[in-house]
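Below are the structure tokens for one structure; questions will follow.
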Amino acid sequence: MIQDAANTVSQAPDALAPFKSEQLNLIAGEGGALEQLLFRSAGQNVQAVMTDGLFLLIFWFSVFFFVLLMGLMVYWVIRYRRRPGVPAPVSASHNGPLEIFWTVVPSSALLVIFIAGFRGYMSKVVAPTDAIQLNVTGIKWDWNITYPNGERSAYSLPMGTKKAVKIFVLPEDTSIQLLMQSKDVIHAFWVPDYRTKMDLYPNRYTTYTFHTEKLRDDETYRDHWIFCAEYCGDQHSEMYGIFRVVRKADYDKILTDWSAGSLSCEELGQLVYKNNCISCHTVDGGSGIGPTWLGAFGTTRALEGGGSVLIDENYIRESILYPQAKRAAGFSGQNMTPFLGVLSDEEIAGVICYYKSLGSQPAGGGEAAPAESGAAAGGSSTGG
Amino acid sequence: MSHSHAQTAAYDEMDPHGFQGKSHGDHVIVDWRILLGVLLALLFFTALTTTFATLEQWVAGEFAIHIPHWVNVVGALSIAVIKASLVCMFFMQLRYDKPLNTMIFLFCLLAFGIFLGLTSLDLGKRDAIYGFKKGTIKPGGDAQSVTLTGGKADIGPRYETTMGKSMVEFARQRYIDRYNAMGVDGEAKWAAEMAHHLAGHKHGQAGAELPDANRSFSRVGVTPHLYDEHDPVAVRALEHLRSGGHGPAGELPAGESSSSGH
Amino acid sequence: MTVMDRPHDVMGHGHEEGSFLDNRGLGFWGTIWDWASTVDHKKIGVMYLVAVLTMFFIGGVAGLAVRLELFEPMTVNAANEVEGVLFNAGKLVQTETGEMVRDRTLTAAGAGNTYNRIFTIHGAVMVFMFIIPSVPAALGNFLLPIMLGAKDVAFPKLNLLSWYIYVVGSLFGVVALIMGGTDTGWTFYTPYSIQTDADYYRVVLMVGAAFILGFSSILTGLNFIVTVHKLRAPGMGWFDMPLFIWAIYATSIIQVLATPVIGITLLLLIFERLFRVGIFDPSMGGDPVLYQHFFWFYSHPVVYVMILPGMGIISELLAVHSRKHIFGYRAIAFSSLGIAGVSFIVWGHHMFTAMGELASAVFSALTFLVAIPTAIKVFNWIATLYKGSIALNTPMLYALSFLFLFSIGGLTGLPLGALATDLHLHDSYFVVAHFHYVMMGGTVIAFIGGLHHWWPKMFGRMYNEKIGMLGCALVFIGFNVTFFTQFILGTQGMPRRYASYVEHFQLLHQISTVGSWILAVGFLVHLANFLHSLVAGPKAPPNPWGGLTLEWETESPPIAHNFHHEPLVKHGPYDFESVVPPHCSEEDYPLPKSVS
Amino acid sequence: MTTIQTKSGRKQARWENYQHEAHWRSAADEFDAAKLGMWLFLTTEVLLFAGIFCAYAMFRMLYPEAFAIGSGYLDVKFGLLNTVVLLISSFTVAMAVRCAQKNQQFWLRTNLYITLVCAGLFLLIKFLFEYTPKWSGYFFFLDPTLGHYEKSGQTALWGMFHFVEGYGGKRPGAFFDYPFAQHYAEPLWWAVYYGGTAIHALHVVIGAGLLTWVLVRSYKGIYGPKNYTMVETSGLYWHLVDLVWIFLFPLLYLIH
């Protein structure tokens, strides 16, 4: 069962209210000036510390060589600048031992970098046996995470005009293993604060691991951004998520709370809408990537390639599970992600309740509205 | 890489590459008997490799002997390499040609080898740490079937969804539906035909009993804890796995997908 | 350069000829036809130059647009407006009621759709249509035969054909752009590139463009290899070749060996797009990572197709303008071949987040091998400056900029090759900054520097040195402001290909965008300078820089057959200590006392 | 046509009067360069096919059963026949080069004709006996394997093609429509099969085109001991087509 703070005002005075806060507690300003500049904050967990250490090692190694080379370059350019009538002094055209020296010595440093990199990598891909396994699913353009107890919920906070950014809670000081798959195209799950990312594929599972940090005494939670790092289309840049690290006791309470809560059919549908559908479908009659839901139920929809269909429960269910089966006219460029295996039957039923609740009378232009609103954009040539 | 550089010892200013030293006669005219001999050898090796492969399959099937699959692969490919070398050396005259051309060709084969080797290092060893990284989640998943006719609005083929089925199942379903529409029991018709096929009265030529050689490569399955219980396809695949999913390739699990067990 | 006079009739040289730019009294259309049907490598080189600079302009405008969007991400509505104007917002379709409305293919709810198309244009145009052919096809075509002392490349007609293929390929790309662009990114990763846009012809056109351009690249490379093998002037052994030739030679090897793989990859992708054959489509059992292997097997070596010719140019520029024998000639020559060789075994470092652990480890280890020949080159270049006679003019300033920027580009490759750090930095702005430092700070800077260096030779006119140096300074400053900030953005966690971002990245993005404006002004200054030079520049002497390679032997611009007499090479390309440059006096170019 | 009048009045075959292009130092140089260029081009062709071979290898590794079953659908007879046809054509091309070198104009043309016939035969076998039945289920009436199947009675093209129910539909990817497939990756096998053989067939067509051009020009007496560059380089291309088939044949038909 799914419960969401933003939608359920009916809850009694809530011990868990702080964790639904829209106030992000992003970590910043830890560590030295260089670390703050480079990473906004020094690494807080073991993976980040290993990565930062290696990065700074490479950084100072690079700075050394760069300053050396550029220093020599600038000095020689000034020292040996051309003077009319003065020839360049004779010098050796090559020097075997010197060339071997500057080949071998930096190369051995590369070996060190490789080994350190490999060690850090292993800490990110091999999980300890006691790691909590979270199932991560990437769909265009959102993250879903299923917890070990079967809950897949998230708190969310509104962001920008439309998106609700999901908040996934994690216990502090715990190893987490992410088991990831995509439902459509390639995504990549990046948590910059933990310095890890891995691609998600639609045909197989990928995985990585990290260990969450310990909270400071004065914090109740700490937030980390999740970004999609593999280009996945239109709203790739809005495919956010937030990891909210809480104390272990709070984590257990929140998970229990999720499984205990209950929502009406319609509320559930609205929540599913906010978490999955809002990227493409509006509920206010406005234009979107897909048709608006407002007032659509019970109407007849023109289909791509001719024909039409009555929008009823069966059609909605079919369109969620197999969106390409009957495509609305005027949306030929968009392939909706099939939600087969993403939403449970209960959730689909919720969506249908919510869809129905949005009324059956077209508010604006009826079912043809999306196609018309596209005409607002100018130009006259054809696209195909 | 320089054939001409090697000649700098006897450097001639007027003819730095030593062209004048060579006449047109430098290019070998290959004796026709050699060419014919090579052709006969090639035909012989072709016969050999075909016989070998057929015989191997027959022996494995007839006597139920497990022949490791590499025998088949190595046999066929090594004969192919011999044939290719013959063509290169005599028909393409690399044997009589400047070594540079041979080197170029070998470099190209090296690049090919690197390409193949390092790609298979990834795709073949995804399961180096976790076995489940190799499995396939939802084979054939939301494939789109193409219909060649129809589609007046757009030029080109139109796609219809396979409703979560793989292409293979979708094709089977279309067959069944076609017969159902004709008033015949499609399922029964399909089952009968399939049995007919597998019994050797085949329309295609897949044997009823594929030799063990075909199955000597065992796949790493998907570990159960990965399945998210909301995924019906995954759940079915899991059940299939638990019921001994490494069954013969000829059996499709009932339901939507043949999944990852193979 | 010393040339032994030889009887005219030996090679058919020697009759009086004018500059290759003379139109010989042909009228306007005659001149056009003369150029369109020419097999003269110099004219083809100039035509390539015009074509790639046009593409650089298109790609550059797209790049500026990308930066502009990131200065202050557009609102959704504004993005839709822009999209309507730029991309015509899809085709007209007929509704059931019979009225024509605009298909909503391109009207998106996010700002991303416009942005995605623009960065795809930027990437695809810059990579396939500008950088890959820039140095080899434009400067290489012009210079390679002259530097070798040949009359033309080995297969002149093939050379013209490859130019036409290039133009056709580029037109495909431009048509795709006019029809609305594609939003796949220049890498065309599956399954996104299979699924996006129901109107799939655009993607097919763009992929087809890259496919066709590949043939142009292959034919040019093939031509150059044969030319180097068979058409070196008498007396020119392998180690008497200018290092630019070595670099082009190594480049050509990569082009010939790697490009066919992208050919088959893109062909399969086109099949995939049109017919859904399934090889790269996971829903059919295909494997998207296989596509990435196919793609990077070409696209990593092609990174060296981009940078190696730039390195060749820098070797020439540093030697000539510091009047010094290049330090460690053989080391530089062999490191070019070494880079070409190693380039084929490191492609996996583009896919550390996609591959299995074993392959990742192996590829990471192999990746560091690239650093070795690259470092050797940089050390040798710096050592060349030692005890030189260094003239600070525009080409030399560009060469020094190259050393500065390429060093940063190279060194920032280290954390991307190391596995642990790459898992953080992969697909972030750090990568963007890194490859811009290498591709732009390396290749483009070398290209512009080389253009200044050989401009007098190509067109017979000098450019204004002061304006050139001003332009160089603007480009250098603008470049660093634009891209150094992106390193920090990357380490801080800014993913690439984002149309918008979370708040705390905005300051750095804005600095970067301002830098891009400075950069654009710098390039415009150069453009103006070059145009002015063409119209009113003073006539260039045959050897303005005191170079020793064969192109300075002939006139500026060269005559139609390059040389009056077939040159006979008597000294190395960098013997500045013992040879007075051709067409130069010893007063201007004094030799060290110990020799003269 | 095949001769030209020299100043001295002696008739001379065109090849005798061959002049190399101006930027070469000698005809020998030009010949070497052409051959070198062709070999470089052949490497690109090999690496083009490398993509197909690599896809084959990877998917065979991932789906061994599908590829075993898929290979079983192919008829070794036709593969064998095509191999023999191509080998013979390769031999005749090598002979054609030899004839050009020895100025045996008649045999040069004869060998080229045989090669072209073989090329046509190869394509015919491929399209009539392999592609068409597998794609659509229609068998050519001369197909020796037609007797094994029950004809449905449906025919096409004036009775030249007979339809067999449940045989066709063996197509790549989204076109797949074969109801009796046993493994979900079979469409992928067909993608590799059609991809590999179709691109190879395209090369057969290109090679045949080159050889036709050589044949036409040979009637003008252009080729002879002093000038057989085109014969040799086109021949090299044709051998490459053969070379690729030498590997495609066992990979597709024999390895199971």
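A, B, C and D label the chains in the order they appear, each numbered from 1.
Just so we're on the same page, a residue touches a chain if its C-beta (ideal position, glycine included) is under 8 Å from a C-beta of that chain, and two chains touch if they have at least 3 such contacts.
Note that the structure is a prediction, hence the values are computed from the model and not measured.
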{"item": "Connectivity without subunit C (remaining chains kept where they are)", "value": "one piece"}
{"item": "From subunit A, the most remote chain by mean C-alpha position", "value": "D"}
{"item": "Top-ranked pair of chains - ranking by C-beta pairs in contact", "value": "A-C"}
{"item": "Centre-of-Cα separation between subunit D and subunit C, whole angstrom", "value": "37"}
{"item": "Distance between chain centroids, defined by C-alpha means - subunit B, subunit D (Å)", "value": "19"}
{"item": "Euclidean distance of C-alpha centroids - subunit A vs subunit D, Å", "value": "50"}
{"item": "Subunit C: positions in contact with at least two other chains", "value": "93, 198, 201, 229, 257-258, 261, 275-276, 278, 281-285, 287, 289-290, 293, 357"}
{"item": "Set of subunit D residues in contact with two or more other chains", "value": "25, 29, 32, 36, 40, 43, 46-47, 50, 54, 58, 62-63, 66, 173-175, 184-185, 187"}
{"item": "Multi-chain contact sites of subunit B, meaning residues that touch two or more partners", "value": "17, 100, 107-108, 111, 115, 119, 123, 126, 129, 133, 136, 139-144, 146, 153-154, 157, 159, 166-167"}
{"item": "Set of all touching chain pairs, with the criterion as stated earlier", "value": "A-B, A-C, B-C, B-D, C-D"}
{"item": "Parts of subunit B lying in touch with subunit A, wherever the complex brings them together", "value": "126, 129-130, 132-139, 141-142, 144, 150-155, 158-161, 163-164, 222, 225-226, 228-234"}
{"item": "In the complex with subunit D, residue positions of subunit B that touch it", "value": "17, 19-20, 22-24, 26-27, 29-30, 32, 35-36, 38-39, 42-43, 46, 49-50, 52-54, 57, 69, 72-73, 76-77, 79-80, 83-84, 87-88, 90-92, 97-98, 100-101, 104-105, 107-109, 111-112, 115-116, 119-120, 123-124, 136, 139-140, 143-146, 148, 157, 159, 166-172, 174-176, 190, 193-194, 197, 203-207, 210-211, 213-217, 249-250, 252, 257-258, 262"}
{"item": "Contacting residues of subunit C [partner subunit D, same complex]", "value": "11-12, 150-152, 154-156, 158, 218, 222-223, 225-226, 229-231, 256-261, 263-265, 267-268, 271-272, 275-279, 281, 284-287, 290, 293-294"}
{"item": "Subunit C contact footprint on subunit D (complex, rising order)", "value": "21-25, 29, 32-33, 36-37, 40-41, 43-52, 54-55, 58-59, 62-63, 66, 172-175, 184-185, 187-188, 191-192, 194-195, 199"}
{"item": "Contact set on subunit D toward subunit B in their complex", "value": "25-29, 31-32, 35-36, 39-40, 42-43, 46-47, 50, 53-54, 57-58, 61-66, 68-69, 72-76, 80, 83-84, 87-88, 90-91, 93-95, 98, 101-102, 149, 164, 166-167, 169-170, 173-187, 225-226, 235-236, 239, 242-243, 246-247, 249-251, 253-256"}
